[in-house]
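Chain lettering (A, B, C, D, E and F) follows the sequence in which the chains are written, and residue indices restart at 1 in each chain.
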Amino acid sequence: MKCLFFLFIFTLIFTMPVMAQDMNIGSVNALDTLWVLIAAFLVFFMQAGFGMVEAGLVRAKNAANILMKNMLDFCIASIGFFIFGYALMFGGNGALLGTYGWFLNGIKGPDGLPLYAFWIFQAAFCGTAATIVAGGMAERMKFTAYLLYSIVISAFIYPIIGHWIWGGGWLSNLNFHDFAGSTVVHVTGGFAALIGTILLKPRIGKFNPDGSPNFIAGHSMPLVALGVFILWLGWFGFNPGSTLGFGDPELVARVTINTNIAAASGAIAGMLLAWGKYGKPDLALTLNGALAGLVAITAPCAIVTPMIAILIGIIAGVLCIFGVRWLDLLKVDDPVGAVAVHGVNGIWGTVAVGLFGQAVLGAPRNGLLFGGGFTQLGIQALGVVSVILFVVGSMWIVFKTIDAMVGLRVSEKEELQGLDIGEHGMESYSGFEIFTTE
Amino acid sequence: MKCLFFLFIFTLIFTMPVMAQDMNIGSVNALDTLWVLIAAFLVFFMQAGFGMVEAGLVRAKNAANILMKNMLDFCIASIGFFIFGYALMFGGNGALLGTYGWFLNGIKGPDGLPLYAFWIFQAAFCGTAATIVAGGMAERMKFTAYLLYSIVISAFIYPIIGHWIWGGGWLSNLNFHDFAGSTVVHVTGGFAALIGTILLKPRIGKFNPDGSPNFIAGHSMPLVALGVFILWLGWFGFNPGSTLGFGDPELVARVTINTNIAAASGAIAGMLLAWGKYGKPDLALTLNGALAGLVAITAPCAIVTPMIAILIGIIAGVLCIFGVRWLDLLKVDDPVGAVAVHGVNGIWGTVAVGLFGQAVLGAPRNGLLFGGGFTQLGIQALGVVSVILFVVGSMWIVFKTIDAMVGLRVSEKEELQGLDIGEHGMESYSGFEIFTTE
Amino acid sequence: MKCLFFLFIFTLIFTMPVMAQDMNIGSVNALDTLWVLIAAFLVFFMQAGFGMVEAGLVRAKNAANILMKNMLDFCIASIGFFIFGYALMFGGNGALLGTYGWFLNGIKGPDGLPLYAFWIFQAAFCGTAATIVAGGMAERMKFTAYLLYSIVISAFIYPIIGHWIWGGGWLSNLNFHDFAGSTVVHVTGGFAALIGTILLKPRIGKFNPDGSPNFIAGHSMPLVALGVFILWLGWFGFNPGSTLGFGDPELVARVTINTNIAAASGAIAGMLLAWGKYGKPDLALTLNGALAGLVAITAPCAIVTPMIAILIGIIAGVLCIFGVRWLDLLKVDDPVGAVAVHGVNGIWGTVAVGLFGQAVLGAPRNGLLFGGGFTQLGIQALGVVSVILFVVGSMWIVFKTIDAMVGLRVSEKEELQGLDIGEHGMESYSGFEIFTTE
Amino acid sequence: MKLIVAIIQPHQLPAVKKSLYEKQVYKITVSNVLGCGEEKGYQESFRGVQHEVDLLKKIRLEIAVNEDFVEPTIAAVVDGARTNTVGDGKIFIMDLQECIRIRTGERGNRAIG
Amino acid sequence: MKLIVAIIQPHQLPAVKKSLYEKQVYKITVSNVLGCGEEKGYQESFRGVQHEVDLLKKIRLEIAVNEDFVEPTIAAVVDGARTNTVGDGKIFIMDLQECIRIRTGERGNRAIG
Amino acid sequence: MKLIVAIIQPHQLPAVKKSLYEKQVYKITVSNVLGCGEEKGYQESFRGVQHEVDLLKKIRLEIAVNEDFVEPTIAAVVDGARTNTVGDGKIFIMDLQECIRIRTGERGNRAIG
């Protein structure tokens, strides 16, 4: 890690004279820039949302650890996406990856936006993809392993997928449509979490010898609720900001209403289903339902009407509840529902484009239910499957390598005592009496 | 509830072809749209503020329940205001209610704003009115009853009042002035909370046999403080955003400074008064004072100078402290001060327009103290009284009906154990040792 | 305090007719105004961030007290900066202080911005400077003493320093460059905290008889992490908003990326150093590192490239960890690291302008490492030293006077029991079992 | 001297304190415990996983008294805590061999009150 | 009658409860304690200041039983709590002079279960 | 064997631990309790409603010792906890009939330390 730093400092001194000339390229649009920056701030704030949701859903003894992971993955994404990521994602029209613009050197932003404004928006997205994984692998993953993983996903894996879809790569050439990242961000994060949590194995005590899941409750529902509100707010940057400008206010407004209404429907659907299935309306599942709606509307938010957004949200809420259940049945332990929320609904949102997209609203072509046939649906399916294969394959290698290098999982003793003490030598709630029997 | 859902889906499929054509009506102003959207995001975020304030002010055993209510009322408002509410509020110039635009079909936004942008701003307001009630009825209201109430207030009651004042109804024809909703939002929410909390009766143990109130402390002051900061932030969307555009930057700036300075004065006045009355500066009452200032300035924020805003804030802080006290004396149990903050100060703010409004700043006419006589004051009083009568009357019927249908209040056993366990089968702070003797 | 209030009301009635005419001066730019207002909202929200960080880093028994201080200092700053502060800061080009514009009467905003918009942005900054001190003096300072201190710093001390640097005073004439306030806000706040914490003496039990520091852990890491995320978000208003307009989108974008990347580097550097020094990655120190990066980049954010921002952030993170250590060695008890974060890195950021500033990016002249020689470095050093001397001198007098008037520090008994009970008669976490042995 | 330990329902604590005061028993030590007895537990569920909670919140009182106070104290606790429903609780009585007031070093009967 | 007090590792509580149930001991009172024994503590640090934590989280069980249940109860606790590592805990046994069921006022052996 | 239960002021715990260590008493169990004694309570208020708090935070120590350690332990606790102000606390001593080390099954005097 230290050498990485010296590398920075060295490059820095070396490139100093070059950098100063990069400023003031081309003409930029002030309103568009302002919009993208504000959207970037909101997307950045989603880190706080993820932090609170994930911290609230784990036990008190692991809260500081997950917050530390959340904070650090964004920091690492900021640096990694600066040095490598942006270049890989936007450095030219190669089918597979970008090839120039390391350290943002010798590269421009899109028309009308300053490079640095576009970068911060993209970097915030990159941080989001990285942070999803923290939750799925919570309560047992080593901190050093997490740092290494963060570097790889934010500097390499995510940018490559981003390049395919948003950076001029092969999927964007096929007219694969993912407006704000159901696939780019959420499928990537969700499936990285899935493979990670499978490799890590379940938490001690999560499954009984007979395979039935045990009750391990999160330690702070207020944090979870706060986190979901923050994420919902952040999504108003995530989706509407993905217009990358304010040239079409109608479009921005449509994206906004769809985002909001899909989240609301997801929460209601999730609540009702959980109520029916388990007898009581479960707060954590309801909140997961809202997030599921948000994830699902992320790809199609620009190209559907609010009525369709409601439908997409309802199905997302339902899929999320079943997703949580399926994982329990498969004995995959995903403490915060990262896979059910981001993985499953990332797929659903991407596919929804092929079902409900309307060319008149800007879709590449009409979806299946609007008479456009199976073409777009096929492209969407191809895209999402490719991304899943790439993520699962590459992350499997990454996690295995990290495991061999430093180990993925903490010791049993540390897990029982809590990662806060084990990894950071501290308690999250110093002085509070906490009753724990796991 | 399920049928409602099927209704959605059905209508959805039915109206699909219609919807697509609604896009791109008229010319819209980009800057105005951007401003309204950002304001809408901030107003949305007030849900988190209410959630944190209310959760913090109740006991730990009821925190998840109130958060669930907060989350769900916004979700329901999003859907209800989409299907019915917007049409009732903005569907034509009827004196009493709007009549078209169900599902946002066949209706336009105001000049210069996309329909959907205007909708999200208004929907966030609607959610705010709904959520105020959660606090006043906290710690004993059944969750199902709350869901039913939410549907009614956000789809019907609030939009009708909104129509009277902002939608071209009878009060707006009389030049009743309520810039950002002291009456529309806060009197509505506050008096719905008042009637609700009276019908519910006080919490077990709140009043002694001799009628004196008992001490029932909120469980988390940090959540309350956080919530107030978030609400204050949200109010910068609520009031300045109610300009519905950025054509007059001076106006927006004036609204902003007035909002801020009334909140500050309310907090200081509330603190000093509570200090004088009870011997110590009380955090919860100080925070209530800040909110009281915000509520009071909401109606007059555009048409007074900052000096007057300070005065309005001070009086608001004072009224709030007395309001809390009066309710205790009347044996009305309002756990979070919803009535004192929103009800009492909603009235005060509305009346303040008639006292301090200045025509030169955009008021319909000068207020009493600026030589305009009693006319505007009379109109303001008429408006606020009408709204109170309507809210109290209609909500009395609504709550009585709900009580007959599913019951308003949880069982005594559930109340003692906490609504988190009773209604949701969970604890908010799993693992924490919590000492409770009520 | 009461007379202050009557003074308000009196002045208010007296000046009423005057105020109404102040409106609508000159032509303002809508986009610039919008940008500054949004930035002001974000800076306002930093109060929540400070509140959460400081509350989380103190013990549970003092949490409500620090939150109350945070809330009140902003309220007082709002009023004090309205009556006196703005006039002292921006009322003319005197070398030492402004002389007109009391109550914002007879004064204008800068070109293109409404006075009130500019005021709210500046007032939010003023509140920030005031609130920094709460943390450094936490867990033992009397509440009344804090209120008095708040009035003085926000109405007088901060505005005078602001005048020197941003209001046309002697340092701005020397071309001292402090883009967004490393010196104006953070050195001021940090050194006021330093002198305050020295005068207050360490908390009971902080230092052993042999001088070694004791472990006094903060009570809620999730609050601290949330607070840092909020602060980071707020800094996107603080620095980019200090452009005071959106005429140069490239500039705003550069400020934004620099802000973000310095924070990230500060966190990473802080974490690695703490890890190396103390064996484990410490969450609180990592978060302090992020804040240190933010503080340090505040002065030079506009006039350096991102590579330099990384370097500045790294050094800030390192300085912060050493700063915390040095204070422990000097037996100065700063519970939240206010001095190390704001004081030390405020200096570093200011000096960095003289080292790395580039004229081509808008610096007054090139810094030492860009061939500009020692001139700018000297000016920066002169500025920061002058401010430190002024702050330390004036605050010493202020604190000594307050001590003589009402006493600075609570009684030993109150300190042991906690200031929440002692000063406010309440507990922050009513019902929670909290184990405390100090 | 005896040490009386009582396990009661949390919401009966104010009533128990009141009836103890009436019998001039002013010194008590209270703690939070979880109890498993005849009283039925309840179901919790989290993210769809059910869980039977059988450890219920109770309050534990510890009261050291002289012999002549034993029966009044028992009566007072029973009086305050009894609601005639399952879960009302138990009282345990143990022999207390010595009692020391830290402040003064007093021992025995004089130290207890 | 005896009062059995056991200090065990928190994560052994489910196992102890299970083995107690198997021996028909259903009524217990549980509380959170901190224990200092042979088990080694751990280091905490906060903002660079180190601190040795020697009070470790433990669970305290209180079980009142009739004489004939004493040995089975001890056996059950040992059975459930033993992992053969330092820190497994202790069992303390005291004489219980009286036991009263608050709900009914029953005393002695009949009240205990 | 005796079981020594001491109720002390929370902020005296470090001193008590220190003086116990000096007397070679290393094994203790600590818990959080609320105590009502001679010490005066304080007023709380919440939203204008006043409330007299008479249950004050205290620390409860449980120490099982062999006979010859009883007096040294008492002396150590008094030494560490005494500040000569009301509220310093109490020490209660009970007979301990048996003690079992769960890890080894050892009983009696050998198990206690």
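As a working rule, a contact is a pair of C-beta atoms (placed from the backbone, for glycine too) under 8 Å apart; a residue touches a chain by one contact, two chains touch by 3 or more.
Since this is a predicted model, take the numbers as computed values, not measurements.
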Could you tell me which chains make contact with chain A and chain D both? B, E
When you check each chain against chain B and chain D, which touch both of them? A, F
How would the chain E/chain F interface be labelled, same or different, where same requires over half of its residue numbers to be shared? different
If contact pairs are compared by residue number, which of B-D, C-F or B-F agrees with A-D in over half of them? B-F
Find the geometric centre of each of chain B and chain C from their Cα atoms only, then give the gap between the two centres in Å, rounded to an integer. 33
Geometric centre distance via CA averages, chain E-chain A, whole Å: 45
Can you give the whole-Å distance between the Cα centres of chain A and chain F? 51
Quick check on chain A: which residues sit in contact with 2+ other chains? 31, 34, 38, 217-218, 220, 226, 278-280, 282, 284, 425-427, 429-430, 432-436
Going by the touch rule set out above, which residues of chain E reach two or more other chains? 31-32, 34, 43-46, 94-95
Which of the chains are touching one another, listed as pairs? A-B, A-C, A-D, A-E, B-C, B-D, B-F, C-E, C-F, D-E, D-F, E-F
Would you pull the chain F residues touching chain B in the complex into a rising list? 34, 43-51
So, in the complex, the side of chain E touching chain D is made of residues 3, 17, 26-32, 62, 64, 94-103, 105, 111-112
Complex interface listing, chain E residues touching chain F: 2, 5-8, 31-38, 55, 58, 60, 74, 77-78, 81-95
Touching chain A in the complex, chain E uses residues 10-11, 13-14, 32, 42-46, 57, 59
Chain B contacts chain C in the complex at 31, 34-35, 38, 42, 59-60, 217-222, 225-226, 228-230, 232-233, 236, 240, 246-247, 249-250, 252-254, 256-257, 260-261, 263-265, 267-269, 271-272, 278-284, 286-287, 290, 305-308, 310-311, 314, 358, 360-361, 369-370, 429, 432-436
